[in-house]
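The same subunit A turns up in both complexes below, where it pairs with subunit B and then with subunit C.
Up next, the complex of A and B:
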């Protein structure tokens, strides 16, 4: 968010509502209503003085109404922009023309009660809608007793209770006069999801199983050994990457999972203990008492999203989410308007981020011709050299309203700072970050010929870039700057010890000044980037990524191991929304074969690679010949496929098939009596402890096809949990309505298949009937595990990681779902994790979008805070190469010296592990040099 | 004699522990004032010699958080 707030090419309009979009893709005019904030954003410095004086308390929606905020507020501490706003419904001045306290309290005169609603018109090329969802509101459903009993809370409320920044600072307490630590908490799944009786939401919300498990584990961590968490569920849907392992871990750590339906929640009026009445799988009536009940509420389409859809004329689906096609994910019904996140349907964070990048890719494809037209770049004066100058330090001490000045004695800090070595100038500012102070600072630097600057204020994590820009404006290198964190890490945390806070602030300033004396100017670094791309793998993901890049003008080579494009999709007839996969596949293959910017190399394999972002060299073998490809970025789309198995007579009896081979066997069958599908064959077991994500939906679809053709055939699906997540739940419901029989089995008690003459005999224990069943099956189809291609060689070539199951590991499981820690390489499709075709397409477009950030520039600027090797001291031991996780140090042969370490600036993340590991002290980190760190250590010792 | 109060030097990773210390401030959590932070880009930057140096300079405790 901070990045968005600071980006020169992103204009952020908050409190805005989109009223209409006229025109054509590439040339839209959007009309936006901007509601008043009643606070001038250019003046507000978020000091919080207004809040102290505001008399009006309002339930705080950010904290799920558990506590109150004021009528003037900032939603939460990390909000962007960090500017206060007045809630016009509750403000006494705006509703009754009384009060006006905040106007008096505001030190910068930012309050403006007279602000009016504005209508803005902006010219844009494409629109991306991402207005989110509303959590299901259980208050009107008496079966959950949410409105009646205080200790029945929603998962959103519980999330705030768990948060260190929440109303109880993360201490889990029951909600009553004398709050206590709960001993037992129950989570109730599918509240407002998979419920057609009361809530009328037939879909699965996709995320609640995992968040309930997460909440239960965190609660266990907080409350300790005696705490007993229980989760009441229908199916645990741990269908995401590494989710199944998390579920297994929860079981081991003592989370109880109870497969049941809860029918009654009651309360003991005296003790306020909650009682849950439920029915076990075998139909037994049980009762159990809990201190707290958490309702795992689902996601629903929000009213404002519906309004936006209405205003823009885009179609919604039956659940009021934005309608998209499986084969055109994130594209709405109106050309040039795209969507991402839960506005399109229930999904988790990584999938939302994938879609956001995919939507950016679509927009980029539409606007490729105009790329770069409106890009703004900041201009700075020429940098003055400080070479041979002795340090002249300027120190600016911030009062930050009362935030620092109200606790520490700023005057005495200033006087102390004046006594420090090399300090030429010290001043105090009310708000150092304000615009006018920045201008003054720049003048002061020039006038006093200052060449090192220290700001003693808040934290460099939010404000360093701002002050560095001021240095640039004054002609100084931005790295001649240091901050002393005397607010966040001093006055705010020692607010009751004023003298100690002052003493600490002085020492922090001393440490900063000592370090500042030794800071050096560091020039910007940029590397040239090649604008060609390589996609490894020619399935739907690889082709989609290649076409997305090609259509934006970037030449892309597809390297495909087999003799055909198409990958695993060759065997898939239709998507879960009945869209024809083969026509689509034929179409994209034809496009790839004929596109002037796409080169398809079949029978080709990567053998080795070198280089770094923008500058890769990859060696391949193509039809037996060795070749080298130069490219700026790489996309890994090596896919995966259904595995074979030795279980259930597969390979021994022709009537046992796997996956899509079933269709051939079924075509030949003449009115079969019984057909059995077995799920999780080789998934979710010891060897492959992951869920293959797509199998439940696939088998349910096949079962429906059988029922359509032969309504009298008995179809059995033997499963462990049905994981038809999201809107795929409807298929499960249809299958049940069509009479498909679902029988749950356990890993400990798997079905047994024996070969009879006429039939295959399937023996399975039915947990509802509590008896063994014998099914005489004509056909058995197995949903075997989906496994990735052998990725180890490729991983080694580009220094990528794979997880235990051999799927590629992204840079961050939640926030960077297509990036690798190696810059310039991206992942998509089944190489990342099994997924249905619509998710592969979205991820491929996301990978292309991320790649475009690099390919669209002739050079990219990189952080110059990198390692630097002293070749004289280096002995070429290679320890640094070994410890570097980013392939940013290599050994190269230096004539006459032998092997010497060399840093690859473009790949270096500046962590300093190499420097700390070097036995010769031949490596130092720019801006974090040993002598600079020692100066800090020594200054305050 | 005054009660012994150790002086603690903390090496904090910019991306996690330092950010955490900032958030402790935002949440106004109170803790003893005898700790001084040195920001590093990764706790991996902390050479064992930094720790030895700190003790030699007279710090009573060293915290590496990342």
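Up next, the complex of A and C:
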């Protein structure tokens, strides 16, 4: 968020509404209505004085209305931009022309009641729509009693209750006169999802099962072992990467999962205890009491989505999400306008982020020729050398309004600071961060020839980059700066001990000044980038990524192990929306084979690799010959495939097939009586404790095909949970309507298949009828687990990690779903996790987007806060190489000395593991050198 | 030549919605050579994710 706020090439238009987009792709004009903030953003320094004086309280939407905020507000403490805004619907001045307190209180004169709505016109080449969703509102549906009983809350409200920054500071309390810690909480799943009777939302919201499990586990962490969380559900949909393990963990940690249908919620008027009446799987009527009920509400299309669609002329689907095609997963119906995230359909955060990058990739492809035309770069004066200068420290002590000044004695801190060694200049400011103070500071630095700067104020987390920029403006290296946190870590926590707070602030300033004396200028590092790409794997993901890069002018080599492009998609007839996969596949293969910027190497395999971001060298064997490829980035798209099994007579009886072999067997069948599909064959068990994600949808589609051809054939799907997530739920509904029979089985009580002469006999226990069934099946099809290709060699070559199931591990499960911890290498498709074709395409484009960030530059600037090795002290033991998670340190042969450690600056993240583990103390971290850290510790001692 | 210049694409993109998705799109584009207008209807960016407590499965703070 902060990165977005500070990016020189991202312009934030807050309080903005898009009215229309005219023109053609590549050259649109967007008209935006910008509502007034009533606060001048250039003047507001977010001191919060206005809030203290504002008399008007309004429900706080950020905290789901659980508490109140003022009519002048920031949404939350870390908001970007951190600028106050006035709510015009509630402000007394704006509604009744009374009050005006905030204007009086504001120290910088930022309040402007006269601000007017503005109409902006901007010229752009492409548009990305990502307006998100609205949580389902259960208040109209009285069966959940959300409006009637206080302790029935939505999951969004519960998130705020759990949050340390929420209304109860993370303490879970019931909502009543005398709040208490709840002993029992129930989560009700599918509220507003998979429900056409009450909510009219037939789709599955995809995310509620996992967030309910998360909330229940965190609640358990907060409330201890006596707390009893229960989740009432229909199917647990843990269909994402490592989700199933999380579900299993929750079961072990005491979360109860109750497969049921809830029919009534009532309340004991005296005790306010809530009673849930429900039907179990076998049809038994049960009831149970709880202190609190959390409704796992689903996601619905934004009310404004229809407006945006109308304004922009794009189509929505039947659920009012933006319509896209499976094979063009982020393109809207209007060329040049793309969409991503839940605005396009329900999905979780990682998948939303994948789509965000994919949409960026589409926009980048469309506008490739205009890349770099409009970007701005901040210019700074030439840096003055401080070599041979003794330290001249300037200290700026901030009052932060009353935040610091109201508690600590700032004047005495200033006097104290003047007595510290090497200090040449000390001053205090009301608000050091305000724009005019920043300009002054720059002048003071120049006038007094200061060469080290200390700001004693709030926190470096929000303000360090700002002050570093001021140093650069004054011609100083930004690393000659140190902050003393005398607000968050001092006056805020010691607000009632004024004298002690002053003493502590002095100590903090002393520590900062001691460290500042030893700070060194650190030059920027940049590395040159080769602009070729390598895609390992020639399936849909590899080809899509390669074509996306090639069309933007980056030469890409596809290395494919087999003798054909196409991968797992070769066996897939259609997507879940009935789009033709084979035509698409033939088309992209032809494009790859004919594109001047794509080189296809079949029968080729990676043997090893070296180098780092921008500069990789990969050795391959191609048709028996060894070759070396130089490339700037690598895309890992090695895919996966359906596994074989020894269960259920597979391989012993030709009537038992797996996956798409079924179609061949079925083509030959003449009006079969019974067909059985068995799910989770080799998935979600001890060997492969993950869900293969695509099997439920695939079997449901096959079952529908059978019913279409032979309506009288009985089709059975034996399943553990039906995981037709998102809009795929519709297929499940259609299958039930078509008469497909779904029978749930447990891992402890799997179906048994025996071979009869005429039929295959399938014995399975039906939990609804509570009896064993015997099905005489003509054909059985198995949804065997999807497993990745053998990735170990490739992982070793690029120093990538794989998880326990041999899928590649991304840099961050949530926020960086296609990056690796090794910079310059990206993952997509089944190599990451089993997924349907539309998700593979999106992820491949996301990988291409991330790669483009590197390939589009001739050199990249990287953080210079890296390790540095003293070759004289190093003994070449290699401990540092072992502990480095980023392949950023290697051993190299130094003539006459033997092996010596060498850091690769481009790969180093500055974590300091190597420095900490070096037995010779031969490694230091720039800007965090041992002597610098010790100087501040000694100053405090 | 001049005609070609007239038809040249504009190297800027508008991203509508300042949640986690809009921010990711904006960063990818701005980091790869495009100017981005990020249009958000409320007073600050962050969207739904900024309201979450910890996120599954890493239990990282959503902020």
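Methods note: the second predicted complex is superposed on the first by the 941 of 941 C-alpha atoms of A that agree within 3 Å, B and C clash if a C-alpha of one lies under 4 Å from a C-alpha of the other, contacts with A are read in each partner's own complex, and residues count from 1 in each chain.
Keep this in mind: a residue touches a chain if its C-beta (ideal position, glycine included) is under 8 Å from a C-beta of that chain, and two chains touch if they have at least 3 such contacts.
Predicted, not measured: the structure shown is a model, and the values here were computed from it.
Shared-chain residue A:124: touches subunit C; no touch with subunit B. After overlaying the two complexes on the shared chain, residue contacts for A:461 are found with subunit B alone; subunit C is out of touch. Greater residue coverage of subunit A by touch, when subunit B is weighed against subunit C, goes to C.
In the overlay built on the shared chain, the residue A:192 is in contact with neither subunit B nor subunit C. Note: residues 78, 164 of subunit A belong to the subunit B contact set and to the subunit C contact set alike, using the contact criterion stated above. Interface of subunit B with subunit A (complex): residues 9, 14, 18-19, 21-31, 33, 36-42, 44-48, 50, 53-54, 57-59. Within the complex formed with subunit A, the residues of subunit C that make contact are 7-60, 63.
Those residues of subunit A that touch subunit C in the shared complex are 1, 3-5, 7, 9-18, 21, 26-28, 30, 32, 37, 62, 64, 73-76, 78-83, 85, 122-133, 156, 159-160, 162-164, 166, 170, 210-211, 213-214, 218, 242-243, 246, 304, 308, 340-343, 349, 352-353, 355-357, 359-361, 363-364, 366-367, 369-376, 812-814, 849-850, 852-853, 856. Residues 77-78, 164-165, 169, 459-462, 485, 487-490, 492-497, 500-501, 503-504, 507-508, 511, 865, 883, 909-913, 915-916, 925, 928, 930, 933-934, 936-938, 940-941 of subunit A touch subunit B in their complex.
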